[in-house]
């Protein structure tokens, strides 16, 4: 019986990731490296996966990822290679009034496979945002419950898709982005802006999906929103997949 | 834009699950309850999901799950309902020589959707097992590294598929099952039997997949094995999906 | 060299817990069972811990816990036994206006040791609550950010201390409790009440600590509040320990 | 009522850590920053903590950590500051026969407080190792069960204590270290060496504790070993604290 994926999983590895502005950043990834295994082979060579990663020494971007896909495929004499890097990615998020920079972390995943020379690439990101409940706002004499929510995007793409673009799509779809540093004037601004822009998870996921649908590099996507409701212990959730 | 899934996620709830021997057991589940939402509806009614669960009061089995699917679909006036229960499931595992019973826990998931009267049901289970490395055994003058490994099965099924059957498929595919209680004579037996039965993750996943393939109630499956290698920090992994 | 604690950790086990109203509830616990080991013993007998748990068959309360402490101490011929049960605990939380009941989960831990006949008992609970930010409320023309927060209490006690009492102390210290089911009228009430009652983590932790300090069965405590700020990705935190 | 610790928790931040060989490495940390709050202050200034971290721009070592402790104390006008950085730390672990280097990850924590000019510093590390069971080896005609185990050390220290030293103490106390890359000859060696060196968790924790006790920079420690038993689902555990 042939095996779809065999290899090493959950290997921790330091990584350099290329930013959209052509700079780079250091991070740490959880790495999975797999190949297919035909029915006539009993087993794969586990140590070769780790060697491929160690000799790669690349800066993670579209091109270096394809290079590693090819190298793993070749070393393991496989028909198909499959790799995934999951890592925190950092971007400066400037506060909206006092312009204080603050480093925000987004959990990301770069995943792809190579088969018969054809790559199949996925980029994923989790973007924390703020939601203000439209219903609570409408029915209450004062206030409305708000909460942190997580927008999760997984996109199959061709060409150069950037994490920065996905982060922006998520942030512009919510009641407000979240920030690392907010001074008094910023906090006033964020509160008022988010209350002027109340959103259900249904609203957020639709806005994310519409933007992803129009993106010319994106060939398939799944958009999810999970809102950690401040009035409940459970979460509100919405998902659009195309 | 229509939404594929909207509802409540990660609700914790006590549950009674029916066993294959027609007894029941008490456990606690993480529950997700979703419906689809057509483009002409702005939002869903989140509180109705929790009410449906609270008024369900069923013992979890194939029939009661379908009942809850229908009820959620009706209450939310939806075309499609989608539910998932994730819970620890307990089975007595008798030790192989001294016949001491010991309660073993298996992490399970019962998931399904209902659309136009047609249910689509999935059962998942994670079964801890033991693997002894055939390579290490073959090349070493003494010993071989062994480790705990996790067999994960997800199966789409029709009819009455039991968790007990999936557990058995996983256990018979490894070097040895694992146990809650092992006395001295049992430990000797388990050690010797597992060393007489060395298995790579590739061997385990193929054995699991072959048994799942032959099971008449199973229409689709994914079988995964993740071995927490005792000589590495990373894991060995294999997957067959049909 | 003598060993402070040796035994089995992270054993999953179904459990019955006694409620304050003298009813019982079924749940599932992660169990740790340890004893001390004097320097002149090479090792302990791991299988006896699991046997002690399996033969216990008690309903978890103060008395049965002491019984298990004594039994583990005796079976392992130890000077000191140490046990911990971590489990989800469920209580009905009635919605504030429409009086709809909804089952809420609280993560709990019952921990204790026995040495020279003297027990040392700890009860812990994690209670999700809602906080509305007083600063955001004061400076903004409209609204204020709110969020889910977690109150964590660990208390050393003598006599019969109930989880129900600790839950109430946490809930009455926050801007609002959280609920499983809220209808429209409830949501309006919770929003308005929480906005009439804005609290920093500092306010919440002080209120919790004051109530714990006055409780006659509590001999020591640690009170923590972690607020999942809706305007940040990081959390606000406060802790008082006595 | 005065508050023991108040501040920001679970902030993700890229970090540079100094190695023992005077090189540096890039990693990502979870950061907690707290101060005490006297009873006559209502609240602290949450944004100042993040600003202190952002303006710190240090390479993490003993001296820069003290500098950040002083800065947080000063900015928040506090009597006591308390910081913690948790991060993966990477070291090359050369395979024992073929001398192949392989990057191993160790989860670390640098924690400390400053009060009246007096620092109180803790270093923690989690080191995966391999254990071979002496009992299973003694009673079985062939083989012995082995598994991955985790050695956890937390040490209060004065002077320059290095993570590298704690890693070595853990590795020399087990049946064998674990590796990122092992070729065939290495796997044979590791298997045979570990089987020549069987260890219970009790043996491992005693060896770790003895070495920590003799270390002149270490003033207090807790040593824990958790063995992910390959024949069970639960773990064996031992702890010595001084």
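Note that the chains are named A, B, C and D in the order they appear, and that numbering of residues resets to 1 at the start of each chain.
What we mean here is this: a contact is a pair of C-beta atoms (placed from the backbone, for glycine too) under 8 Å apart; a residue touches a chain by one contact, two chains touch by 3 or more.
Please read all numbers here as calculations on a predicted model, not as lab measurements.
> Using the touch definition from the top, list the chains contacting both chain A and chain C.
Under the touch definition, chain A and chain C have B, D as mutual neighbours.
> Name the pair in A-D, A-B or A-C that forms the same interface as B-C; by residue number, over half of the contact pairs must coincide.
Interface equivalent to B-C, from the options A-D, A-B or A-C: A-D.
> Compare the CA centroid of chain A with every other chain's and tell me the farthest one.
Looking at centroid distances, C is the chain farthest away.
> On a C-alpha centroid basis, what's the spacing between chain C and chain D, in Å?
About 27 Å, centre to centre.
> Between chain B and chain D, what is the gap in Å from one C-alpha centre to the other?
Averaging C-alpha atoms per chain gives centres 34 Å apart.
> Using the touch rule from the top of the page, what residues of chain B touch 2 or more other chains?
11-12, 50, 105, 135, 180, 182, 233-234
> Would you mind writing out the residues of chain A in touch with chain B in their complex?
Residues 1-12, 32, 34, 37, 42-44, 46, 50, 135, 200-203, 205-206, 209-210, 226, 233-241.
> What does chain B use to touch chain C in their complex?
Per the stated touch rule, the residues are 11-14, 25-28, 47, 50-51, 54, 88, 90, 100-103, 105, 180-183.
> In the complex formed with chain A, which residues of chain C make contact?
104-105, 128, 130-132, 135-137, 139-148, 176, 178-180, 182, 184, 187-188, 190-192, 194-196, 228-234
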